[in-house]
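Pasting the structures here.
Each of the next two complexes has subunit A plus one other chain: subunit B in the first, subunit C in the second.
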Partner chain A sequence: MKHRERNLFIAACTLPALALFATFTLYPFGKAVVMAFYDWSGLSENPVFTGLKNFRTLWQDDIVWQALKNNIFLLLVVPILTMAISLLFAALLTQKRLTGKSIYRTVFFFPNVLSIVVISVLWSFVYHPTFGILNSLLEMIGLQEWTRAWLGDSSTVLWAIAFPMIWQSVGYYMIIYIAAIEGIPADIYEAASIDGASGVTQFRRLTVPLIWSVMRITIVFFLIGVFNGSFAYIKVMTNAGPNHGSEVLMTYMYSQAFNNGNFGYAMAVGVFLLLITISLALLSEKLTERDSVEY
Partner chain B sequence: MKGLAGKQGRASWMLWILILTLMLAGCSGGSSDPGTNGDAQEPGENSGSTGTPGDKTFDNKELNIAVFEGGYGNEYWKAVAEKFEADYPGVKINMTSNPKIMDIIKPQLVAGNPPDFIYVSPDENTGTIKSLVKEGALLELNDVFEGKALDTDAPLKDKITDGLLEYMEPNRDGKIYYAPNYMSVLGLWYNKNLFETKGWEAPKTWDDFFALGETAKSDGRSLYTYQGIYPSYNESVFWPAVAAAGGTEAMEQALSYQEGGFTQEPVKQVMGVFERIAREDHLMRGTVALNHTQAQTEFLKGNALFIPNGSWFESEMKDAPREDGFEFGFLGVPVFNEGDQPYVLSSFEAMYIPKKAKNPELAKEFLRYQYNDDIVKLNAEKSKGVVAVKGAVELAKDYIPESAYNAFKVYDEGTMPLMVQWTQTPKSEVIINDELFNPLSDVMNKKMSADQWGDKVEQASGKLRNLLNP
Partner chain C sequence: MNMTQFAARSGRFLSVLILLGYGVLVVYPLTWTLISSFKTTEEFYASPFALPQSLNFDNYVQAFERAQIGDYFINSIFVTVLSLAVCNILGFAAAYVITRYRFTFLQVLKRFYIGALFFPVAFSIVPLFMLLNRIHLLDSLVGLSLVYAVSAIPFTIYLLTGFLASIPKDYEESAKIDGCSLFGILFRIIAPMAKPGIITITIFNVMNFWNEYIYALSFITTESKRTLTLGLAYLMEVQRYATDWGALFAGLVVVMVPTLIVYALLQNRITAGLNMGGLKG
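Right, the complex of A and B next:
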């Protein structure tokens, strides 16, 4: 009797959330996958089933492959640099003798509380070809020939977009890493110092292995975050230009759905995107499979 | 959660949620029947009267209109709704106006519960109007234009600007789905005052144009700039130049995806002009990375001699900083040889009645009403816009900026109007206008030649050709 009551109570508690999850997550999710097999403008009440046609188009669409290439560039550059820089900051800011720690923390974290659109507008002025601070600085130190239209040149546009993304997220990951590092008992470091380990060795041999489980989680965050977060930056800063130079799958999917009235195809791009994200997540899990050290 | 991870999936969730909403709306609206269809009665065959609309009665007196709130604002729509309600006692107009009007009414359109009347540009960036055309979801308006105008005895079509009505048939099949309202003229602009003080001539041919390039350089200016990350602004130079070089047939050949449409000589010549601007460094530095406001501001500050834009230019930039003595001058588009017929691009915005409108008769009446002379004038007064009826430029003269008035006047000086309308195709992943103009950034960065540009567009055009003739 008691058992049944308990089950009822559990069901009553979970059902509302489950219903919401099903309506707002599972159903649209499934619907998106299904629509990838239809020819649908987003307006008509009768989508036409076209089987794999959208996927065949996708296979032959050069822009998709260029977008994927750009996606992969951002996926490699942004996480690696963000991780390196935020780890460095975290390691530095946990040093005992550093003064003004809290100021640095605030300053580094600050970009994170700004909206992405604000950051994008800000940086497109930094990159402004005639009065942008970047070109002006280069001119000031005599590197005239280095100045260029950073966002208008297909050879620099992706770096120019990657940089604000890194700038924005470093602070956040720094805080996560600081929290992890501060959880490590101090006596371990003391012992290492007595044994004569240098700061760098301590970082490599102690800090990294001990916070490895946290770093692993952040890698998955990075992958998913870059895949989806790049959309807003690109939309505001370059509108996927010049000539698809900063097109990523998200922006292409958006323009097919909302500018070209081709929802079926956009969903096919979405499914493709989903497959890549899932496989990347699995891959990163596998690659980082290494036992974290307990203390 | 903040940071990159916090944005995890947000955009895609939003997309899915949107789709979900659309689906739900679709389910609930799908079965609703148009039972409330208010068929209008037109007693006494309108008794031949003019300008006294009050003698028509409509069963359904409620009209829902959805209007785009853009450069022309919504003051006019408020005023005309009020006037219409006064002229047609008992009629009630419910207006929705918004800069993102299509996003707002899209759920209603999907649910089969559309407004009775829509105003927006046919090229609005959600592609919804084009989709509605493809779905056959707009009401045919031939009877409106064949029938009498409200304030004259002649058919309404006689009031519309010459040659415009054929563009109101997006499928070119004799069925009119668009009703034109605001017209604009597009072309190159320059600083009239600067040219006068320096004693420079406004160029008539491309040779004159490039000759000015060196003059500009020695004056510390560039010859040309455009709205960088939106390279399709260059259409107002591209198409008139093609027409000047090869006649409107050459342009039509390209716009209908015929074989060789983008590798033919006139198109190559025009692409060559853009290549030359790049090769001889006539493009203002950094142009490719600027957005439209930034590029236009640079132009006003005197950093470039020419920029493409439309007759809305002066109103659009009224608060922007500019060079001392700046004066808007409309150039049009140069030709290749002296004596060639010059062309200048026009564009229009339009009004539509969805097929599933609940009150199509009253919507049609409201549509006819738009073209009354006094309403056209009211429109110019409130919106500073020129409506596509004969003589509208003069009616609007007192209200529109002088530069806009002068731009419209080029048609009185031997320049032929031109309009761009790509042939409609079945649904495709190819966005042809982007395919045409996006490579321009690479051309301007000297990473692509004019020939490569032409070949690339020809390839995209071929995909659409195959869809048209499977």
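Right, the complex of A and C next:
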């Protein structure tokens, strides 16, 4: 009797969540992979199994390669710069003698709670060709020749999208790195100071090795963040323009599915993107592998 | 003053300079939006940097009357509350059993949820669209809420299991001896003790649901069912051609203000929660 009650309780607590999770997460995930091997346009028609045909089309699709280039740009530039900047701020804000630390933390973290849509609209105005903050500022300091339509120029559009992405996430990783740095026992630094190590040396030789494991985990977070986030930024700011200049695989997948009705092909693009993200995650795991340092 | 002192002092000066510079970069676009929301179109075109002549609330009136920001606001509240209820109740119950009980599929279950943490949601948006279509939950705020709730369940379980594990078992033991039912223990004894953890995950989830865009864009087509972020993105599209930016700035402020209030009140909990669940994996 007791045993039955226990089992019923376990089932009642876990099954509803599991059922929803299986229906709305596992099933679509599996379905997405399977659909990549089918020719399926539209909701009503029956899918036809076509094997690797979608992937062959993909191989010869110039836009895919353009989108991939843009994707890789964002997957490299955004994580590297975000990590560098948030690490710098974390180091600065864990210095002992500095006033207003908590104000900086509060302000820097704030963009992270804003909606990506809000940030995208906001930055569209920063970049606006006629009355945007950036161009007005350049004119004010006499750099007229630098002004341009930042989002309409294919040579600047990716940087213009990368910047708000960094702007949003710096605070988040800064907080994580601060917590990691504050977890390092103070006596290690005292010993280093007595030995005459400068702040920069301490950062390089002590802080970074000691929080390396945390930094490694954040790399995976960065990659997922770019994978998921870039779509919303690009959708609002440029809609993949100008002339596919800011097309990424995610936006291409989306427009193939919802604008062109090529659901099978869209999922092949999705699978391709997933494989690239996974390989990047594994690659970064390998590249950052070091003997872990304990304190 | 010797060399080391000089180096330390100029180092500190440089730090403050960098920090202040970045602070401006964060705060200025936000204040610029706020100021612009009170400007007339003429004022705006005359100089994007100048302060408005007077506080002009027309843009807000426009945003609510013509752009229906008010309706979108209500839709967003509905979706946020419903998904929060589903996600928190199911997530809490599951997290409790996962931390306290040993059963056959425990490891599999754990692995599923942990794996889902690293799973790019955007990937399965097309099949999800078809699924919702088949079960008649497409273009429905209830369907959208369900998707939101499920997407947040793995992180909810992850954060709550971490928290529940730190609660001592003694209370449950004695409640069991007193003849309290297992559900009674869960909701009357554990839930109150897990309150800090539940509050933290609630903040995270509310922020996520309130700000979500991709799912809403894909699954909601009827104008009257738009959420705030969706409405804002459409307003941006419309104003791009109408070149009447005031209502858009007002819309931006309306979306930002609730987030700002929550953030101001709960900032410490947010950042603490980040470290609690954020990265132990």
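In the analysis below, the second predicted complex is superposed on the first by the 272 of 295 C-alpha atoms of A that agree within 3 Å, B and C clash if a C-alpha of one lies under 4 Å from a C-alpha of the other, contacts with A are read in each partner's own complex, and residues count from 1 in each chain.
Basically, a residue touches a chain if its C-beta (ideal position, glycine included) is under 8 Å from a C-beta of that chain, and two chains touch if they have at least 3 such contacts.
Since the model is a prediction, treat every value here as computed from it, not as a measurement.
When the shared chain is aligned, subunit B and subunit C each come close enough to touch A:Tyr172. Once the two complexes are overlaid on the shared chain, A:Ser115 sits against subunit C while remaining clear of subunit B. In the superposition on chain A, A:Pro16 contacts subunit C only, with no contact to subunit B.
When both complexes are overlaid on chain A, the residue A:Ala257 reaches subunit B and subunit C alike. In the superposed model, A:Phe29 lies in contact with both subunit B and subunit C.
Of the two partner chains placed by the overlay, only subunit B lies in contact with A:Gly241; subunit C stays clear of it. Using the contact criterion defined above for the overlaid structures, shared-chain residue A:Trp150 touches subunit B, although it does not reach subunit C. By the document's definition of touching, of the two partners only subunit C reaches A:Leu98; subunit B does not. With both structures placed on the common chain, the touch criterion links A:Tyr127 to subunit B but leaves subunit C unconnected. Touched by subunit B in one complex and by subunit C in the other are residues 23-25, 27-29, 31-32, 35, 43, 113, 116, 124, 172, 218, 224, 228, 231-232, 250, 253-254, 257-258, 263, 270, 273 of subunit A. Per the touch definition, subunit B reaches subunit A in the complex via residues 2-13, 15-17, 19-20, 22-23, 26, 30, 106, 109-110, 112, 125-128, 130-132, 134-135, 137, 228-231, 285-291, 294, 298, 303, 427-429, 431, 438-442, 445, 447.
Only residues 5-7, 9-10, 12-14, 16-18, 20-21, 23-29, 31-32, 35, 43, 88-89, 92-93, 95, 97-98, 104-111, 113-118, 121-126, 131-133, 136, 167, 172, 175-176, 179, 198-199, 214, 217-218, 220, 224, 227-228, 231-232, 235-236, 250, 253-254, 257-258, 263, 266-267, 270, 273-274, 277 of subunit A touch subunit C when the two sit together in their complex.
Subunit C contributes residues 7, 11-12, 15-16, 18-19, 22-23, 25-30, 32-33, 36, 44-45, 48-49, 86, 90-91, 93-94, 96-98, 101, 103, 109, 112-113, 116, 118-131, 133, 146-147, 149-151, 153-154, 157, 182-183, 186, 207, 210-214, 217-218, 229-230, 232-233, 236, 248, 252, 255-256, 259-260, 262-263, 267, 270-271, 274-275, 278-279, 281 to its touches with subunit A in the complex.
Taken together, the subunit A residues at the contact with subunit B in this complex read 23-25, 27-29, 31-32, 35, 39, 41-45, 57, 61, 78, 82, 112-113, 116, 124, 127-130, 149-154, 165, 168-169, 171-173, 218, 221-222, 224-226, 228-229, 231-232, 238-239, 241-245, 250, 253-265, 270, 273.
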